[in-house]
Structures are given as C-alpha cells and as structure tokens.
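Right after this note come the structures.
Consider the two complexes below, in which chain A is the common component and chain B and chain C are the respective partners.
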Partner chain A sequence: MDAAWEALRLVLSWPYIVYPIAGTLLAMAFSATPGLNSASLMALAIPVTIAWDPLPVMLLFGAFVGGATFMGSITAILFNIPGKASNAVVLLDGYPMTVQGHAREAIGAAATSSALGATVGVLMLVVMLPFMRSAALALGPAEYLMIAIWGLTTLAALSGGSLLRGLVAAGLGFQLAFIGYDPRTAELRFTFGLDYLSDGLSLVPVLLGLFAIAEVLDLMASGRETLAPRRTPDPLRGRVGGGIRAVFRHFPLFLRSSVLGTVIGAIPGIGGSVAGFIAYGQASQTAADPSEFGKGDVRGVIAPEAANDAKDGGALIPTLALGIPGGTGTALLLGVLTLHGLTPGREMLTDHLVLVFVLIWSLFLSNWLTSLLGIALVNPMARLTTVRAGRLIPVILVLAAVGAVQYRGLLADLVCAVVFGFIGYRMKRVGWPRIPLVMALVLAPLFENSLHLTLRLHELGRIDFWSRPLVIVLLVLTATSLVLPVMRARLRAWRQRGG
Partner chain B sequence: MRLLRPGTGLSIGFALLSAWFLWQSFGLSPVASSVPRVVLILTLVLLAVEALKSGIHVSGRADAALPDGGDASGPVPSNENAGPVGRCLAWIVLLPVALGVLGLLIGSTVYCLLFLRWRSHEPWAFSLATSCGLGLLLYLLYAVVFRAAPYAGLLGL
Partner chain C sequence: MAFDGRGRVAGIVFAVCALVMADEAGATPCEMLADQTLRWVVPSKPGGGYDAYSRLIQPYLEQRLGARILIDNRPQAGGIVGAAAIRDARPDGRTLGFINAPGLLAAHVSGRQQAPDPSTDFTLLARVVSNRMLLFTGHDSGIGDAAELLRVAADRPVVAGTRDAGSASFFVFPIVAHHLGLDYAMVTGYVGSTARVHAAVRGEVDVIVQTLDSVMPYVVTGELRPLLWVSGAPADGSSGPLAVRVPGLSDFSSRLGEGNEGDGVADVAAAVSSILLAGRTIVAPAGLPEAEAACLERAVMDVLKDPLLQQRAEASGLTLEPVGAEQAGRELREARRHMRTYAFLVRSVIDRTSR
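For the complex of A and B:
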C-alpha cells in the first residue's frame, strides 16, 4: 500500500506529471494517424529513452500503453472505420447510433466505459499480481482452445440476425487466416503463388478495405449527402451526458464486461481483439431484450469498449509477474524493462514495486486523459459527419490508403485493401455481416494452433482434457452462452402467449 | 428486372474460393490440411444451405442496402450524387495507381485534387486548398514529425 501511495505521489509531482500527459497525447496522435500505432511509437521511443532513468521511462511507456486504445473507437463510431481489430466490434452499434444522429451519446458512452473499464482493469491488476504466477501455470493449449471456441459462440450475436450468413462469413474469415506458411510444417497454403501472401493476410489492409473503403464506395454509390441524417433540424441531437448516464444505467453489464476484458487480457497470446468480441456476445446473449443489438443499442457500445480498455491492465499482469508479453505493445514494454535492468517476476514485484505502481498509475491516468479529451473533442468530430460526402470521401480514402501503404511500406497492402473494399461493399449491400469474418480472422490462428497442440499432447498422454478445472469452467461458459439466448427467447415467446 | 437474387454473385465467388482452397488442400500434408479441410467443407455446405433457403432465382428486386452498421435507419439517398458502382470503383482503383506511380505525398495530393474537382465538382480554389493542405499535413506528419519515410512510388518522388 505504501508503494502505491509513494508511486502516486511521484506521478503527480513536477516534472514527472509531464511524462504521462505527453505520452498520452503522443499515443493518441499515433493511433489516430493512419499507418502508425502505439507499437510503432514505442519502437521509436526506445532509442530516445535508453539513457533515461527508469522512472520517467515507466511513466512514458505506461501512457503509451493506455493512450492508444480509445481513439480507434471514435472513428469506428463516427465513420464505421475501426482504428484496429479490437475497435471493430464497437461499430456494430456505434455507427447505427451516428446514423440516427446519436453520435455524441455513443462517444460519451464509449469514453465513460473506456475510462471506468481501464480503472477496473488497473484495480484487478493490483489485486491479481501476487497470485498470477500459479494462475499462469494452470493455462495450457487446452484452455486456449476453449477460449477460442467460447469466442466463436458469440457469432450468433455478431451476425446481425442472419446466423447462417454469419457462419459463412466466419468460414471465409477462417479460410483467409489459413493463407501463408503453416506454423507447424512450414508448408505454403493457399497463396495463389504470390510471395505477398506467404506471411499471411495482414489484418490492417483487410480491416481498412472491409470497412473504410467499403463505406466510401457505399457512400459514393448510394449518393447519400452526409453520414448523419439531414432530415431533422439538428442531426446531432444526442447528448454526451446521455451516453455517460447510460453506462451507470447498465452498470452490471459494464462491470461484467470490464472483468471479462481484464481476465482475457491477462492471458498471454490471446490478443486484445478477442476481449471486445466476447464482451459484445455476452452482452447480447444475456440481455433480457436483445432485439435492439446491432441497430444502435448503447449497450453494444458499452460492453466492448469496457472490455477493450480493461484488457490493458490485464495484459500487464503476465508481463510484470512472469515476463510473458500479451501482445506487441507489452512485448516492447518488456524489452524496455530489460534494457533498464528491470527483470520481470519476483524481483520486479519486490525490489521495484514502486516502479510497478508508477507504470500502473501512468496507465490509469492516460486512460482517463484519453477519455476526457475524447469527450472534449466530441462536438467538432461529430460535426464531421454532417460535412458533405463529396468533400469527406477523398480525405477518408487518402487516409485509408496512407494507413495501408505506410503500415509495411508495401503498395500491395493498398491493392489488398481495395479488393477487400469491394468485397466489403458487396457484403454490405446484400446483407452479409462483416464482423464475423474479422472475428474468425483474429481467432483462427489461436484455434488451429491450440487444437493441434491439445490433440498432440493428448496423444502423448501429457494432458487429460477433462481433468483441467479451467477447461470445465470455460466449457460451462461456452454452453451457457449457447443455451441462454435460446432459453430466453423461448421464455419470451411463452410469456407473450400468455403463459 | 433481374433474374438473380441480389448477392448470388458474392455467394458464387465465396463458393469458388472455398472449392479452390479445398482442391489445393489435397496437395498439403495431413497436419497442414486437416483443420482447413473441415472448415472449407463446412463453409461449402453452409453456402449450399443458404442458397437453398434464400432461393437462387427471384425477380423484380434491385439491390437493397441491408442493416450492417445501420443502413436500414440511414439517411434517405439523394440520387443526384449517386454514381454507377463501376465508375465509383474506378475512382477508388485510381488511388493505388496514383500512389504507386507518384508516391505517397504527391500521389495523395494529386488524387485528392482530381477527386474534388472532377468527381465532387467542387470549385478550383476549394479543391486546390484542400488537396495541398492534405499533402502538407501528410508531409509534416510523416517526414518532419514522425520521421517515417513516406512511400516513394515508381518515380521515387
């Protein structure tokens, strides 16, 4: 406790307070710039900060981790363009809210959910740190496989009322994920003989194509004048306060999603994108009235946003306690810790506990700062949805193209984005859901690798699938998320019949 | 009047891709092909079920935007700005061509100018100001602030 207060005193003291603020602003700028992200910012900052003391480095990198998540949700809500895969699920209900003129409310809900979700993540990080070593040893490929399967059960919720088409889109996502080298045999699979595809399809051009370019193509072909409706005198009639209040109105949902996000974020190798998808699926499957999900329900914004931001705190648990990074950002953070002579694990949690708390406070501060700035910027950004489409389209197109090209310096990524743009446009026009495709693309590698490893270990007699408690827990959760919506629907039908 | 249900082309495209992948999977080792093969067969079966359920042949219905991100509740289209999909797609395909030849900075600026002037019919002054502003912003962001070398294109600009 003393270490936590000492760390807070340091974070709030001059000149150290400048580092998390500057780090947050930089992370926001990088995550809002096409082709750049917080990982590239961290990579650029490593050589600059190598001679610094560990304290300002912790402050800066904590802010880099926390400051980047929320910006991608703003573009997802306003323009149907997710900043990264983890923001894709927010557009399911966020963008319909914008189209209905409730962009401010959606961003208010997302910002509040994001800040409070991060707070829950950080609190859970502090509570769980001492127990993490034994918990991490309980995780193996069987648990990873069950998490992937659990994630896939949310397909029904992500399919927008057409489960069959959602399943086909997920099948297509799986197929696309199989492209490239097989990780076990190093055989090339389904590359059409193209060198570009040997490393597999990159998620960035696929996302930019399926959403940004498809949206622009739809806007051009439909002849819509603006993104937001012009039928009413005030197309931006929603209020930020309405969004903030909505989070407190659905507080149990918010809390459940935050805990879920932290737990999933704490599992190394799962990836943050999964947290938002599972949280959305859970929100829809456990809702008393799920009929408005996908049509602009604020609960569909609150749940994934809370999980997305809570996962940042969760991702730090294995990084600090075990030295196992959860993703690219935490891998770079681990490199920074090592460069400054800090070894994650027991030493880090005893001898350098103040520095650990400095990192945690910085993450906490940056999440709140991002949300506050997001709310402050909501009006000018929401006004963009009323700008004439003819003026907005070339700017969106150029930014999407820059994002695709600058990501790896390959023009082929832009060509790939254009191809997926056309596919996304056709899918949108004929009512095929696109989110299941993205979710399958994210989950497929985890599913395939874990399945092979589990089967192999089972063959060798190294694991007994049914004797692992976490597998049973995940199996129960999977079965619940499949059965609960059906039971609720039947109960509703029975009540409507007057039973 | 159209004979094919909207989306039939997309379904056929997905089915052809799945069938081609399935054919390719027979040339792979069992470890590399087992999971893909199961997924591909399932996808093909689901596509067939979907086609049977929806009915391949319908008539008299044009493409309609369906809800996936809120189209159903979206603004009423004003057709005076609408364009044939092929022409819209051509404008989008022009973008990789411009960036591929002229590079990121010049290509983006030129593309934005062409689009604003000849697709959106904006006045020259507005088109020039916006495209040059965008080009300058990209230059400042990438070349000056972040020092990330912008894509140079075929002409090395």
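For the complex of A and C:
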C-alpha cells in the first residue's frame, strides 16, 4: 500500500506529471492519425528515452499504453472507421447512433465506459498480480481452443438477426484467414501465385475497406446529404450527459464487461481484439430485449468500450508478473523494461514495486485524461457528421487510403482495401453482416493452432479434454451463449401469446 | 501481429527528435541509410528470444546508422515465414533481420520448398549467439536426470514439445533421440519459449529443447529441470547461465558404455554442436552491394561490441557471442555439411507432423 501511495505522490509531483500528460496527448494524436497507433509511437520513443531514468520512462510508456484505445472508437462511432481491430465492434451500434443523430450520446457513453472500464482493469491488475503465475500455467491449448470457440459463439449476436448469414460470413472470414503460409508447415495456401498473399491478409486494409470505404460507397449510392439525418434545425439530438447516465443505468452490464475485458486481456496470446467482441456478444445475449442491438443501442457501445479499456490493465498482468507480453504494445513495454534493467517477475514485483505502481497510475491517469478530452471535444467532433457528404467523402477516402498504404508501406494494401470496400458495400446492401467476417479473421489463427495442439495432445493421451475444470467452465459459458438467446426469444414469444 | 511500425509521418516527428538528441556517437557510417526507415524482421513473436535480442539491438543500431528501424514480427512456421520475408525483399540495405540459421538449414536441407537456403539466399552480417541448447523437463515430470529419461523411454514414448519446422528444437530433439535410441513422439506448434516452458511445467510434454537464456527464470525457480546439454557442455568454470551443471551429450554417451544405445553418440554430439553453432544470425537479402554489406556488417558488429549494450544484455540475461560475416559463413558451411547427414531424419519428422 505504501508503494502505491509513494507512486501516486511521484506521478502527481512536478515535473513528473508532465510525462503522463504529454504521453497521453501523443498517444491520442498517433491513434487519430491514419496508419499509426500507440505501438508505432512506443517503437519510436524507445531510442529517444534510452538514456532516461526509469521513472519518467514508466510514466511515459504507461500513458502510451492507456492513451490510445479510446480514440479509435471515436472514429468508429462517427465515421465507421475503426482505429484498430478492437474498435471495430464499437461501430456496430455506435455508427447507427451517429446516423440517427445521437453521436454525442454515443461518445459520452463510450468515454465514460472507457474511463471507468480502465479503472476496473487497473484495480483488477493490482489484485491479480500475485496470482498470475499459477493462473497462466492453468491455461493450456485446450483452454485456448475453448476461448476461441466461446468467442465464435458471439457470432449469433453479431449477425444482425440472421444467424445463417452470420455463419456464412464467418466461414468466409475463416477461409480468408487461411490465406498465406500455413503457420505449421510453411506450405503456401490459397495464394493463387500472388506474392502479396503469401503473408496472408493484413487486418488493417481489410478493416478500412470493409467499413470506411464501404461506408463511403454507400453514402454516395444513397444520395444522403450528411452522415447524420438532417443538417437543420438540430441534427445532433443526443446529449453527452445522456451517454454518461446510460453507463450508470446499465451499470451491471458495464461491470460485467469490464471484468470480462480484464480477464481476456490478462490471458497471454489472446490479444485485445477479442475482448470487445466477446463483451458485445454477452451483452446482446443476456439482454432482456436484444432487438435494438445493431440498430443503435447504447448498450452495444458501453459493453465493448468498457472491455476494450479494461483489457489494457489486464494485459499488463502477464507482462509484469511473468514477462509474457500479450501483444505488440506490451512487448514493446517489456523491451523498454529490460532496456532499463528491470526484469519482469518476482524481482519486479518486490524490488521495483514503486515503479510498477508508477506505470499503473500513469495508465490510469491517461485513460481518464483521454476520456475527459474526448468529452470536451465531443461537440466539434460530432459536428463533423453534419458536414456535407460531398466534402466529407474525399476526406474519408484520403484518410482510408493513407492509412492503408502507411501501415506497411505497400501500395498493394490500398488495392486490398478497395477490393474489401466493394465487398463490404455489397454485403451492406444485401444485408449481410460484416463483423462475423472480421471476428473469424481475428480468431482463426488462435483456433487453428489450439485445435491442432489439443488434438495431438489428446491423441497421445497427454490431456483429458473433459476433465479440465476450465474447459468445462468455458463449455458451460459457450452453451449458455448459444442457448440463452433462444430461450429468451421463446419466452418472449410465449408471453406475447398471452402465456 | 504483422508489421508493427507504420509510417513515415511518425518518422518525421521522431526523426526530428532523434536528430536533436543525437550526439557524436550517433555519427552515420552508412551514409546511404541515414534518415531511411529500415525493416527488421524477427522470426518470433513479440517477447520471444529473437524479439528480445532485436529490441535490445534496435536503438543502438538506429543511433549508429542514423536511421529508423521498424520491428516486423513474423513467427509463423518456426521462423520460415520471417526468413522468406527477408529473402524476398529488395537487396537495398533497408531490410534485414534475424534468421535461426540451424533451424532454417534443417528445413531447407530436408527439402522444404518454401524454406530459404541460409547459405545462398542471404547476405550474412553477423552471428550474434550460438544456439546453446539443453534438454529440459518440468519439475513434476518424475524425470530426475538424463538416465531416468532413458528408463522412461523404455516403457513408453517420450513426448517432446517443439516449435514448428524451421526452428532448432524441431530437428535437434529427433537427432538426439534417434541416436540415444529413445522412443519418442513430438507435439509441434508451441510458438514462443514461454508456451513450451508452460507445456513442460504443466506436464503436457515430457521434455523440451531450449536455449538456456530463454528459460533461465524458470530454471532458477526450479520449475524447469535441465537434463542434458545437447550442444556440448561448456567448460568447467563457466559463469552465468552457462554454469548449469548437467552432462553434455558426449559425456553422457560415454557413461552409457560399450554395446549400449549410446554408441556413436559422441560423433552426434559434435555434429549437433557444430550445427547449433551457426545460431542466431543477422542477415540481409542476397545481392546486397558489397559496400553496403560491409558498412552494415561493421555497424552491426560495433553495436554488438558496445559495452553499454553488452551490459544491458547481461542484465537482461541475454548471452552475446558476436562473430563477423566471414566466420559466420564458415560456421554455416560446416553446419550444412553435418546437417546433410541428418536430413533423412528431419524429413521423416516433417512428414509425420504434416499428416
């Protein structure tokens, strides 16, 4: 406890307070720039900070980890452009809210969920750190496989009412994920002789195409004047306060999603993209009335946003306790720690506990700062949705194109984005859901490798799939995810018939 | 995750900062690469052994070259995908990275069409460290030492957890097992040393083959028990990670005695040591102009011998044994000679795991 207070005192003292603030602003700027993200920022900052003392480095990098997540959701809500894969799910209900003129409410709800979700994540990080070693060891290939399957069961909720179409879209996503080198045997699969495809499809151009370019094509085809419904007299009906209040109105949902986000974030190798999808799925599947999900339901913004920001705290748990990074961002952080002579693990949690708390406080501070700035800027940002389509379309197209090319410096990624733009547009026009495709793309590698390992270990008699407690828990969750919506629908139908 | 660095806009922002902060030590010996963005391919996941070395070297090399280096993690297929990415890049000095030379050699010699040939498909720049590998078991495996491993194998197949084709562990274990007469089965697909260590600690697999520095924290806590040096035991008096006192393959084989399965193991031990010596090698695509190759090699070697970097490597538990391109080439040719002997074995393992 003393270490936590000492760390807080350091974070709030002059001149150290400058570092998390500057780090947050930089992270926000980077994540709002097409083709960049907090990982690029961290990579660039490593050589600049190599000679610094560990304290300002922890402050700066904690802010980098926390300052970027929420910004990607703002562009998802306003323009259907997810900052990264984890933000894609927020657009499911966030963008329809914008189209209905409720952008301010959506951003208010997202900002509040983000700040409070991060707080839950940080609190759980502090509580869970001592138990992480045994928890990480309990997760084997069978558990990873079940997590992937559980994630895939949320397809029902992400399918916009048609499970069959959702399944077909997911099948397409799986097929696309298998393009490129077989991760086990290094054989090329489905590349049709194209060098570009040998590395597989990159998620960034696919996302930009499926959502940003497809949306622009739809806007052009629909002849709508603006993204929001009318330009006058008041196209922006919702209020930020309404969004903030919505989080407290749905507090159990928020809390559940935050805990889920932290736990998923803490599982090494899963990656943050999955947290928001699963949180959205459970929100829809456990809702008494899920009919508005996908059409602009604020609960569809609260759940994934809370999970997305809570997972940052979760992802730090294996990084600090075991030295196992959950993704690129935490891997870079791990690199920074070792460069400054800090070895994650027992030593880090005993000898350098103050620095650990400095990192945690900085993460906490940057999450709140991002949300507060988001709320402060909500009006001018929401006004962008009332700009005439003729002016907005070229800007979005340029941003999408720059984002696609900047990502790996490949012009072919732009072609990929355009191709997926047309695919996304067509899917939208004929009412096929796009999120299951993205979800399958994200989960397929985890599913494939875990399935292979589980089958092999089972074949050799090294694991008994059915006797593993966590597998059973995840099986129950999976079954609940599938059965609960059906039960609820039947119950509703029964009630409507007057039963 | 694929390419984590993203752009030139970012480059402009930080290049300005870097230029302001650069001191005399950051003078640029490779003029043509100054202010350029280089891509550094890592054949492992973020956080893996190759990744740790790469991120250790990155800031020093950036300062040395006056360039920006973006790390591109390509862990698939035991690192073959990453190696292929370097091979297929333009030889303009702007793409370089690590290859796992022994693993790649095994994959190539055994007939993997996609696997680049480490001897001809790359311009060698430096070998950072040889693959000093040991056979480990989990704390609760019931296997106390290498002799007990043989007794276990007499009753049932020993299960080994490895990465995929293209990694060193994938071919080292079958060679050792074959010559020790071990009945074995392999579980491939554990990407990242942590995944393999946890598999051993959980008891999913009996043994894993790892470099010591990648698993040292688990050895210190006793969760992982070293059984055998497969790359030859270091000399007595070694310090740091190399001070682990377990027999080398050659000593162990001599203890097995005349007429035992251990016959010829001494030769095998020498061959395996020679193959693993090729180790973690920094390369660029083949066809890199001589002047650029020479200046890149000099820059990389200067960085690897920088006392501050060596100090940081030691603090991070990373061993450094840098040798230049010429010696790395010699080691690679020798490794290739030995590897040909075992190509049939690696091919049979690949065939079995591909089914």
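Here, the second predicted complex is superposed on the first by the 497 of 499 C-alpha atoms of A that agree within 3 Å, B and C clash if a C-alpha of one lies under 4 Å from a C-alpha of the other, contacts with A are read in each partner's own complex, and residues count from 1 in each chain.
Everything that follows uses one rule, which is that a residue touches a chain if its C-beta (ideal position, glycine included) is under 8 Å from a C-beta of that chain, and two chains touch if they have at least 3 such contacts.
Note that this is a predicted model, so its numbers are computed, not measured.
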Which superposed partner A:Ala287 touches (first chain B, second chain C, both, neither): neither
Which of chain B and chain C A:Ser222 touches, first, second, both or neither: first
Partner chain(s) touched by A:Glu187 [first = chain B, second = chain C, both, neither]: both
Touching partner for A:Gly296 - first (chain B), second (chain C), both, neither: first
Which superposed partner A:Arg429 touches (first chain B, second chain C, both, neither): first
First, second, both or neither for A:Ser202, with chain B first and chain C second: second
First (chain B), second (chain C), both or neither touched by A:Ala401: first
Partner chain in contact with A:Ile46 - chain B first, chain C second, else both or neither: second
Partner contacting more residues of chain A (chain B vs chain C): B
Partner chain in contact with A:His452 - chain B first, chain C second, else both or neither: both
Common interface residues of chain A - those touching chain B in one complex and chain C in the other: 30, 33, 35-36, 40, 44, 182, 184-185, 187, 406, 409, 452
Chain C residues touching chain A - in the complex, by the definition given at the top: 1-11, 13-14, 17-18, 21, 37, 45-47, 51-52, 55-56, 58-59, 62-63, 68, 70-71, 73-74, 76-78, 80-81, 84-85, 88, 107, 112, 114-115, 157, 159, 164-166, 185, 187-192, 194-195, 198-199, 201-205, 217, 312, 315-317, 350, 353-354
Complex contact set, residues of chain A against chain B: 30, 33, 35-36, 40, 44, 80, 91-92, 95-100, 160-161, 164-165, 167-168, 171-172, 174-175, 178, 182, 184-185, 187, 189-190, 213, 215-218, 220-226, 228-231, 294-296, 388-391, 393-395, 397-398, 401-402, 405-406, 409, 411, 414-415, 418, 421-423, 425-434, 447-448, 451-452
For the chain B and chain A complex, residues of the former touching the latter: 6-7, 9-10, 14, 17-18, 21, 24-25, 28-29, 31-33, 35-36, 39-40, 42-43, 46-47, 49-50, 53, 63-85, 88-89, 91-93, 95-96, 99-100, 104, 108, 111-112, 115-116, 119-122, 130-131, 134, 138, 141-142, 146-151
Residue numbers on chain A that touch chain C, as the complex places them: 30, 33, 35-37, 39-41, 43-48, 50, 136-137, 140-141, 181-188, 195, 198-199, 202-203, 268-269, 271, 322-325, 327-328, 330-332, 334-335, 338-339, 341, 343, 345, 406-409, 449, 452-453, 456-457, 460, 462-463
